[in-house]
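Before anything else, here is the set of structures, which you'll find just below.
One chain, chain A, links the two complexes that follow: it is found with chain B in the first and with chain C in the second.
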Partner chain A sequence: MTTSRRLIASLRTPLGMLALLACAALLFLVVLGPVIWGTSAAATDTSKIATGASPEHPFGTDGSGRDILLRTLVAARLSVTMALAATAVGVSVGIVVGLLPFILGGRFGQWIVAGINIGVAFPGLLLAISFSVILGQSGLAATLAIAIAMVPSYGRLTHNLGASVWGRDFISAAHVLGVPVWKTVLRHVLPNVRDPLIVNAAVTSGNALVSFAGLSFLGLGIQVPHYDWGRMLSEGMSRIFVNPAAALVPGIAIILAGLTFVLLGEVLGAALGTGTRGSVIAKFRRRQKAREAVLESPASSTLSLSEDAVYSVRNLRVSASGHHGEPNDLVKGVSFDIGRGEIVGIVGESGSGKSLTLMSLAGLIESPLYVSADSAHFDGQDLTIRADGHPARLDRHFGEKLAMVFQDPMASLNPALHVGGQVAETGLLHLGLSRAQARDRAIERLEDVRIPDARRRYGQYPHEFSGGMRQRAMIAAGLMGSPSLILADEPTTALDVTVQAEILTLLRQINADVGTSIVFVSHDIAVVTSLCTRVLVMYRGHLVENISAEALRAGHAEHPYTRALLATVPTMSTPRDVPLPSIPDGTDFLAEADQQEPSDAECAPGPEVSSTTNSVSGTPAASAPIFEEESR
Partner chain B sequence: MTGQSPLTVQTAPGQAPPGHAAPTQASALVGHPMTMYLLRRFGYILISLFVLVTISFLLVQLIPGDPARASAGEAAPPEAVEARRVELGLNKPLIIQYLAFWRGLFSGDLGDSISLRIPVIDVITGRAPATLELAFIAVAIALVVAVCLGLMFGALTRSGKRHGTEIGFTSVTAVVAVIPEFLAGIILVYLFAVSFDLLPVAGRTGPASYVLPVIALAIGPTAALTRIVRAESLTVLRQDYIRTARSKRMSSIRLYGKHVLPNLLTSTLTISGLLLGGMIAGTVLVESIFAWPGLGGVIVDSIQGKDYPLIQAIVIFYGLVVLLINLVVDIALILLDPRTTLDAA
Partner chain C sequence: MTRALSFDSVSISYGRGVNTFTAVDSVSLRLVPGEILGLVGESGSGKSTLARAAVGLTEPAAGHIRLGDTVISNATGTAVKERRRIQMVFQDPQSCFDPRRTIGESLDEAIVAAHRRENEPRPSTRSRAARVSELLDSVSLPADRAASMPAELSGGQRQRVAVARSIAAKPEVILADEITSALDVSVQGTVLNLLRELQQELGFSLLFISHNLAVVRAICERVAVMRGGRLVEVGETLDIMESPKQEYTRELIAAVPSL
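So, the complex of A and B:
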């Protein structure tokens, strides 16, 4: 149903068509090649032995005066059927060997797995050569040798896929119901791992074809008077100075046949949804959908910037290219200032654009997303990009003055580098410190954020740190310079409650001691109201409320969405016998706000109204995109 | 920021909250899993060696019919067959033969080659250097080129940029990766010897004679590896710690060289072990094309000549090289990324 539809869909891409065509051509050669050209390919032309191209023989003749092209076409049958036979045997045995450990279980199963792992280490060609010692030199022996050599890698693939299914609930259910293990494996495991096995079988066939040609080329495969592409190759190789086509034509046949199997694998992979990484088909599909993003020129309504703000932006937009080419604004023109020493919270539900806003403040938005704003200033620097691009001093400015803390401390430190080096890096990069100075300052900063035994911890890797310690190390790295702003993107979401409290205390302490401003993005309005001095509420890409935390706590929120959000926070006095309130689905708070008295509209811009949060008025600034991330 | 702290929660190692117990536990036992890992790795090598030697011993035993007759030839008189039986040691009980085989391996006395009439060990020591040179140069070049190219194309085509480049890259590497080493060899011979007489195509004479065999051996695996490296670098570039690094604003050389590369190498090396092993096997084909005086040419002759003592020794030799490469990859992984050992433990 869906699989066959997906198969048809992937066959309708250019690559799918090509795969279909190539397979049809190969099938035609295999079935009918020897029937049509068999006799003429065997005909010897004694007047033309080992000659070059001529009208009768477009690619010349071989040592016995036989036509190279016809022989290549006829050899397709033997080359392809031998490869397919080897694949069929090797894959079937491999699947059985891969599934046996599940059926047998216990020590014997472990031995099989160990055997597979040892076999996989040895390359297939080497195994095939070794086995041809036992089996002798013939086409059949080579086929069998290649099939045997295939078993370990296919067995491992099957076993790994099976192991990923083995732990699932429906397997346990089958165990509980007393289904025999071999039945469970056949009925539940095999169908679930079938698709990747089929895709890999196509790729494996291509490898088998090449290996078979290799064995024949060495003289260990097909023997005279029969011939396949590998045999022709070795015959042509000996006469390459007389007629290169004798070697090149069967060579090209091998490449084309090999590519056919690779293409088949790609198409099957796309259809069965097991696409190998970076599947070309998947890219074609995505390409058909994606169009160049057309960046809308920023809206004209602007306000002058506040002088004493650490960061101020006007009409900030983050856009993505939509499905039909029109830009799709994810952040729809927000304007705000971050004052010195303020802790500003940005709250909103998932997808409200709060994290995107934060990332664009840091200049970390990358294509396919685009940032634009009418104006933006950070700590005295104009962030507008000019025609000559992104000035280097801005990098330094950001490096020194901006600190960032991300959501997941497990992922935001580089696992391959020492923590200390990562903390000290800003010192080396932007503060002109020597390695030793940077190290000393980093250890100082680690002590400041209360990392115990900082000197020893400096040389440790992130995996040796706990989650809370990693987050504090991230903060320490931000403090290497003299940051005027810390951007924190849900810095406590991934942490335990006690560790959360530590991190919040630490941030508050930095704010109190040094006066660093903090922007704190969170979906947790309770945390935000307790930590922050001011709260920005975002809803569907709009800034709907800009209110002091005090006013918020006092219940002075004006926008209906903010009020709905506040109502969801349970308190100690929340009645326990009624369900907790939630944001109602399907309510459009923007429309609701528009219907209310005009005083609300000031904080609640509709699509046409730019957010005018700080009521400063002035002349419109020149509109230009800001800090679109330069392509490094 | 120093001074009195309101922090009340201790996060010394071992006291971390339950959610983060795993890494903390690992740090407390860091020496222990490392030793365990090395021991296990060493045990694995020993078992693989044992299997390798046993299988190469059994190769001769498993030959259908009478190996002595097969070796001496169908038309040989019975006395010649018996003489060959004694020569191969097949007249003794199996277990004695097996033990003698092991003793021979340790003493370096692997018997005489039947076709060449010289000790097998001399054939191996005389020809192995040429094979090893070829293999290791090609492996090194494949790794370096693939990592550089893959990282470069990963950087160029990250987050869906430059569709044209991406499609060009994937198509070209897909085609090149399909070309087996013996075909690459033939095409190179055609281009450099038949069309233009630029480089030597046979034998091992000077530095120039290495060029074509190395390219023939390395080009296919390099293309395949480049694809892997690009896919891996796209994965690494999506990680949060790269965003952290980018937020520090550094040069792209530092970003890619210091922050991306180490993470890329671990995953790439893990995947590429098999590919590199395949290159060792590929030397057999390449050597036969370029008349390279290594063991590759001998193995085919010895199989066709039923020279069993030589075959056994060569199979063990190639197996050893593959095991060695796997070991080197594993050691490189430990040095690059200490987590590997812990994950495996």
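So, the complex of A and C:
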């Protein structure tokens, strides 16, 4: 969705409507307020000095007999424009200051950053008051003072946001091309940090309004004969017991205007994607749609399930709701069994649905995606919807019977905790072990995955482990129980090839020693073929091939995609000096397979596939949401 | 005219005092004009750091980097311009384009930068647009892709545009840093074939950094092996693959999967 579309969408929410309305009202007051009520607000009524509410003056009059309400309405222009001017100046200077260190670099840059840090240490209002005193008592001086007080925090914000962009490759590419640094900053850094700054500036305008009122209240801001809300507040305060409205009405105006800016910030934040995206209501609607879709399906079909399967699913679908609410399937009905003691590889390119399939096996798919299947069984237990209508939870299988290994071991280990404690945690949470028992078993498991000097390593932090060792520790954590299945999502992709070989050996050994089944997802068909006993090939959400690794190696792949994929893997016997084989853009293997052999995509059993059902595209039948995300 | 890129006992370190970490330890390596040299090694072996030093993204603590006879390390003045004759293609196709600028704008920036380097007048908008189409065509992408945002392109297509961007700078040397490791194997061939074709056509030399020995073997004439910041082996690709002298090289070769 484009930004303008998102802006319209967020303006159409109740919050957006309110913000729009409030902004329109404020704008009206600022532009037309003094024009319409200017003269009548200035009219003094000497017969009614400092009176309370009356039909003529609904909120009474001030010390010169002028109408409080009209004066409040007229004061909007000065209050709001001063606040906006201060914000504009403060934010602009802050952005320049925050970007300068990138342009100057070196020592000058460091000095500026240090200056910003010192500035941030002082409270903003304190800075505003001090500068206001120094600059003198006038509206302009107060505007400048408030702007100056904003500079450090905006400098810091801009610099922090910029620093995260500065490390990216497109900045390096600009350097290498010789683009001048100031151009790089204006062209590549500023647009990429713009959104959070805009949202913050909207909220800051509200703060500036309040600060301004504060300064005027102290007598530092606007001076007579001009008046703003703060000035009126200060005048009204002295008579608060005589006519409370004299102080309360401008006070309420300040609050309402401040709220308007905060609301505007919220709406902009939603539109620019800096806040939380997707309202709770939208999520609820999507879920409801998913349930309705399930209920509309015909009655459930019975499919024979093989006895010795650890995991079996029929017609597994992972869907996202599309633009207009209709489900958009990302995994389009796959069915397979994972036999006991098998190592099954799921291979496919990015976007083929292989990781989604694995994540749905683990019950880790979260909204806005949802999972459905005709049936799903893990270790003999039905995982589909229970009799009471609630989806069965898979959580309790974790740690005990099901282990998961992720791609990035640095992300799956908490950097602030000892590795050993994180391995032992499974024992404490799921197996009911005591702390000492869990520790002993964790050390044992770390030794099992061949981490040298496991007792000492137990107390180390993740950053003290190498990538390969971290992945071993994750596997050790999975082995704390006696899992019947390990789900591994690209566990070696982030590792060096030599380390990858070690992890593969370890997985093979666990499989041989304990008989644990493994599902291994990878984009690398060569790795999968060397490790696994059976290979599932996924292509655009379909399971196109289900073949034993042996048959695959022997060249018995049936689907044209599998054959093409195999052909693209470079090996030590790939001919040199000729173009490498590749799959050109826009090749549609599903259409190709249909043309070649109509039954190809329907059923592609490997010649020697054992004990497993090979129905590739499941029979169209009822889908029950399985282990759909519950509110966690 | 292509000149040789040479590293003379280059050392690069990070940090100060006790925390000094030497990423590259007196490496001497020469990239012969017009050749494809493979640079292999595990992560942390210093191969990317060496390449980043050649384009000025980091500077060596000791030693010199030369393009022909010009010293381009710790460069000032005209040497900085010379250094732009070396271009780099990065690993991550997600991060190598500004997400807020179209593909055409990114290529245009490279074209303008190349003209500025030569002190030539800035070409007209029309001729720059024509050059953008030409560059896209050279990497087998339709000209209308110029209006696309990076997010609308696949990883393989983005990597091809990254190659086009480096070509726009009329380079003598291109450093390709693991350019296919984030891509699917099915599109890896497309990107590499293209790079090789362009190399033959335009005659730049290519430093091909990779950890995939099978790919290196397929496209490189010579191979250099780095480990722990040191250069452990350099030689003809087939010699090294058939009779590696270093244990580490042997491990790398053994790690190549066979089907």
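By definition in this document, the second predicted complex is superposed on the first by the 373 of 632 C-alpha atoms of A that agree within 3 Å, B and C clash if a C-alpha of one lies under 4 Å from a C-alpha of the other, contacts with A are read in each partner's own complex, and residues count from 1 in each chain.
Note that in this section contacts are C-beta pairs under 8 Å (C-beta built on N, C-alpha and C of every residue); 3 or more make two chains touch, one makes a residue touch a chain.
What you see is a predicted model; the values in this text were computed from it and never measured.
Shared-chain residue A:P55: touches no atom of chain B or chain C. Once the two complexes are laid over each other on the shared chain, residue contacts for A:I510 go to chain B alone; chain C is not touched.
When the two structures are aligned on the shared chain, A:E349 is found in touch with chain C, with no touch to chain B. When both complexes are overlaid on chain A, the residue A:V120 reaches chain B alone and has no touch with chain C. Contact with chain C, but none with chain B, is seen for A:Q500 once the two complexes are overlaid on the shared chain.
Once the two complexes are laid over each other on the shared chain, residue contacts for A:L248 go to chain B alone; chain C is not touched. Judged by the touch definition given at the top, the superposed model places A:G106 against neither chain B nor chain C. Shared-chain residue A:P225: touches no atom of chain B or chain C.
Touch counts on chain A: comparing chain C and chain B, the chain ahead is B.
According to the touch criterion, the shared surface of chain A, contacted by chain B in one complex and chain C in the other, consists of residues 467, 496, 498-499, 501. By the touch rule above, chain C contacts chain A in their complex via residues 42-43, 52, 55-57, 80-81, 84, 86-88, 90-92, 95-101, 106, 109-110, 113-114, 116-117, 154-157, 162, 165, 169, 184-190, 192-193, 196, 211-215, 217-219, 237, 241, 251-259.
For chain A in complex with chain C, the residues that touch the partner chain are 168-170, 172-179, 187-188, 191-192, 349-350, 467, 496-501, 523-527, 529-530, 553, 564-566, 568-572, 574-576, 579-585. Touching chain B in their complex are the following residues of chain A: 114-115, 118, 120-126, 129-130, 132-134, 137, 153, 206, 210, 213-214, 217-220, 233, 236-237, 240-241, 244, 247-248, 251, 254-255, 258-259, 262, 277-278, 280, 283, 286-287, 290, 362, 364, 366-368, 395-396, 398-399, 402, 404, 406-408, 411-417, 422, 425-426, 429-430, 447-450, 452, 460-461, 463-469, 474, 477, 479, 496, 498-499, 501-502, 505-506, 509-510, 513-514, 631-632.
If you check the complex, the residues on chain B that touch chain A are 1-2, 5-7, 9, 11-13, 16-20, 23-24, 26-27, 30, 47-48, 51-52, 55-56, 59-60, 62-64, 155, 158-161, 163, 166-167, 170-171, 174-175, 178-180, 182-183, 186-187, 189-190, 193-194, 227, 230-231, 234, 239-250, 252, 254-255, 258-259, 262-263, 266, 273-274, 277-278, 280-282, 284-285, 288-289, 299-300, 303-304, 308, 311, 315, 318-319, 322-323, 326, 336-339, 342.
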